[in-house]
Amino acid sequence: MTDLARCLAEAYAVALPHRRDGKVADYIPALAAVDPMQFGMALALPDGTLHVEGDADTPFSIQSVSKVFTLALALRRIGSDLWTSVGREPSGSAFNSVVQLESEQGIPRNPLINAGAIATTDRLIDGRDGDAVADEILAFMRARAGDPGVEIDLDVAASEARTGARNRSLAYFMDAFGNLRHPVETVVGVYFRQCAIAMSCRQLARAGLFLAMEGRDPLTGEQLVDPHRARRINAIMMLCGHYDNSGEFAFRVGLPGKSGVGGGILCIAPGQGAIAVWSPGLNEAGTSLAGAIALEHFAYAAGWSVFD
Amino acid sequence: MTDLARCLAEAYAVALPHRRDGKVADYIPALAAVDPMQFGMALALPDGTLHVEGDADTPFSIQSVSKVFTLALALRRIGSDLWTSVGREPSGSAFNSVVQLESEQGIPRNPLINAGAIATTDRLIDGRDGDAVADEILAFMRARAGDPGVEIDLDVAASEARTGARNRSLAYFMDAFGNLRHPVETVVGVYFRQCAIAMSCRQLARAGLFLAMEGRDPLTGEQLVDPHRARRINAIMMLCGHYDNSGEFAFRVGLPGKSGVGGGILCIAPGQGAIAVWSPGLNEAGTSLAGAIALEHFAYAAGWSVFD
Amino acid sequence: MTDLARCLAEAYAVALPHRRDGKVADYIPALAAVDPMQFGMALALPDGTLHVEGDADTPFSIQSVSKVFTLALALRRIGSDLWTSVGREPSGSAFNSVVQLESEQGIPRNPLINAGAIATTDRLIDGRDGDAVADEILAFMRARAGDPGVEIDLDVAASEARTGARNRSLAYFMDAFGNLRHPVETVVGVYFRQCAIAMSCRQLARAGLFLAMEGRDPLTGEQLVDPHRARRINAIMMLCGHYDNSGEFAFRVGLPGKSGVGGGILCIAPGQGAIAVWSPGLNEAGTSLAGAIALEHFAYAAGWSVFD
Amino acid sequence: MTDLARCLAEAYAVALPHRRDGKVADYIPALAAVDPMQFGMALALPDGTLHVEGDADTPFSIQSVSKVFTLALALRRIGSDLWTSVGREPSGSAFNSVVQLESEQGIPRNPLINAGAIATTDRLIDGRDGDAVADEILAFMRARAGDPGVEIDLDVAASEARTGARNRSLAYFMDAFGNLRHPVETVVGVYFRQCAIAMSCRQLARAGLFLAMEGRDPLTGEQLVDPHRARRINAIMMLCGHYDNSGEFAFRVGLPGKSGVGGGILCIAPGQGAIAVWSPGLNEAGTSLAGAIALEHFAYAAGWSVFD
């Protein structure tokens, strides 16, 4: 057992008892039905090594973790022009706040809050058909995961669409300020599907590797985004990845990360690897409770926090 | 010439032509009178090496850079109880905004915005006399700088006090919510003096070393704060060190940093060293314009950005 | 010529030169195309007398003036339960602000801002088909105008629907908080139609009479709403009828009123009568510029301001 | 017994049982100690008639009711230039909110919220000594009350000064935006004294008469402010007199009014008279609970609501 594998095992063991402490997201039935006792971890290294613990092969709804990947795709497609549609600063607000949008003319603060992710998806669409873009996102996730079996959970997507009033409100709000280039329903149609992608920890950790390696997928050899764009994405994840709990996560884990209400968290250790954890119970900020504990212990044990 | 010294020299050369591009702070005469063409840099390494460029020995008003040190002192004195008075999350607002204070019952978002720094100073006072606390801060800065010649610029302090209506407003606002433990005039009296400390880049870089070395001053051997507190401070600097320009600084420089309107910036490279730059011309966010360019180039050349 | 007729004629003459000073609403083509030189006034008295000046028989888009009538209909239909969906206080904000909605859980401040009018229409629908409700509103306006020729301008309604992103955003926002009882598209479908009702000053003044007469239409003898509900509507018009220009209108005119971006204003003089003015050019607050001048002079000349 | 006297007696009888339902202000000891069972009313008519009920001769702290009189004095002294320092629109916020001040550059929304009253007092000072201005205010109140015995309760003023952190915060905030022309301590020194004026219902109703009579004190014959300024003050009272409860008060009472946390309310019936009520128990909005009930019944019985 390598040192990193041991760190992972220890982190898993420390966090396991905390699975019950969180609260499973219940705003759509498909998420509410998930067994809260599930807990998985995966560590992907640039040489292709993958260490796993627990339910690392069970697919879960990646939800907001998808925002990181559509951000990468949008930057690859339209480059810096993306920043005319969305900012790059912490919002200091909840994930779905609209207050800042009003005072800042419909430009969301960053791509990792809902409004910003919707604006990013709008720019990624870039005149194309919504289905084509959803296909591109899915194909990208499959390629990054090295697994053609990654799918969009259409039940979850349909549930999101039915209950997505707040996200539609954000989209129409940006539209009213002229900050959407496609019809609201097209944009949220893609957005609801990207959130509904189901992946396992193993797949997700593997998928995040390119962000740890200056934009280059070390296993396929492809330069997916320029190095400075990978740096940009990592910086945004560090500062904005957990809404108004980002400061706490940065202190505790010390790595760029993005959480989703499905209970998944993806963390990037630049130059080292990528870690995915999944446990459905969430803390008050909507981040996997046991997952954050596991990441804190792993980062500490591995000496990977960038702040020490 | 070592590699790091060469990186510093290159960064200095690249940034030097940009001295004129910024705007010198003019809200008090003592700052407005500073020659904008001055530019200094210093790099302090844990082995005691100090590399300098330009006006590295000219004292300047450290202003908000002082917030980092009073945060360290407050955490050392009262520990985690500090977090009952001030938060640890980005504010998403300007340095002197009061909006969040109203909706969050007088608890500022973090110790690096003005309200949060005032609350931190209030807790650092801890029942003592204001002069005693100002003395403690000054003694700490002298010890960190390894130079007993560090002084408070009393002209600047007096100017701050005369023009400090906004800071007094923030202090009275927190007081109204019961979030100050000492009289407003006592607290802002210390605060105005800490902001008026004058240091050179050489002194400031040396003073920041303990934050790069897990809370231990490598030159005196003293453990000044616990390692996890140094990590906390670095994380807060990364997320909140430049107000609503923190995301941009994190991307460009990739290191925890804190800027002041005097034109100084202190950057911490955990495990590596501390860098201080000074150039009075500020960008729109109130951060030294040439200084930020220099840090960006240095961090890139040295490979110290934590996001690559 | 009666005294009141003379007051009306004088007010018309005073305001006429100011027709060019305002700016015609241009957010939909149908409004932008209106000739800004048109100007009409009508005064309806409880005995059936109607005094008119200028273009008093040209239909215009009543827009937000419709909010007063749907408020009356909603209060008649569901009574005080309406106040669980919408407040009765000034908002201190622009007509389409969303900020307050977020901090107040999707409950708009009053029925005369857009969000509040949409919430009111939602309650008026009360489980019925959207078309039926639009028909009811139109029938009510015809009956109040004493003129079966009042129509909805379907071009305007279609334009509103196409450009109504901000209103849809407000509606979805309220929906996200559970404060809409019908599908967003149903609600805004009715709302866009009520705003697109076209009426002349003659018709509109006549239609407002019941609010001046404690809820009873003096010409048909019908008690349309209870006296205390008419008082409620008048109080809301006085305090909230002109968004963040309500205070200025109250001072200048001294009567409950409601303006629309089509350039119409309806004013109620309790116990005395109702006045409608129309001039397409708007002031910065979106109220007819010449219309407000005319009302100010008329109210002063007639001695009808409630504040003297 | 005249009709109006009977209306007053009835209103008193109806409201009396509600004295216990409110909550006495307790932020300063001098107010907290007031017996909540006290209840007085007075009606002043332009012919000099005064009708009273209950504890109409017991002095109470008029608190924010004083804002109406300093507004009149400031308008008399500096005229419309006052409106460069303070607005005339409802705020939609609590009496001591600072949020709007930040987005609107330190200009408070209206003279009847705390910030606006402080700005008004600042303009009233007009270069004079604070004591001289406090003397002017007191002399004006004595003249209006027709009673040289009106005094400032210095205990209350001292308590206000000691606990006035929020008001000082508002004052420093405006000062930071350059919207105060005198030192903060001078301004709040006058402000705390004006709030601490003690008057009985009899005195207060008498004092308000000039606002009912187009700015002319009917008993002394003095034109104290121009008629259009009296109209302005009445309009502001109607729209802003009760903070975020102004809409409810307007509906229920239908008259311009101003409440104070001491439990007093002054209501103006333009052309008719002035009514003062006092009962220390407050509703949630800080308005006398029994007092508002009494005014509602009186206005209804007298037919004085301007909205019927």
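Per-chain residue numbering starts at 1, and chain names A, B, C and D are given in the order in which the chains are listed.
Methods note: a residue touches a chain if its C-beta (ideal position, glycine included) is under 8 Å from a C-beta of that chain, and two chains touch if they have at least 3 such contacts.
Everything numeric here is computed off the predicted structure, so don't read it as measured data.
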{"item": "Distance-maximising chain from chain B - centres being C-alpha averages", "value": "C"}
{"item": "Distance between the centres, which are taken as Cα means, of chain D and chain C, whole angstrom", "value": "32"}
{"item": "Chain B-chain D separation of Cα centroids, rounded to whole Å", "value": "47"}
{"item": "Centre-of-Cα separation between chain C and chain B, whole angstrom", "value": "55"}
{"item": "Shared-contact residues (touching 2 or more other chains) in chain B", "value": "103"}
{"item": "Which chain pairs touch, all of them", "value": "A-B, A-C, B-D, C-D"}
{"item": "Sites on chain C touched by chain D in the complex", "value": "87-93, 100, 109-110, 214, 227, 230-232, 234-236, 238-240, 244-248, 250-251, 254, 256, 270-271, 305-308"}
{"item": "Contacting residues of chain B [partner chain D, same complex]", "value": "97-99, 101-103, 165-166, 168-173, 175-176, 184"}
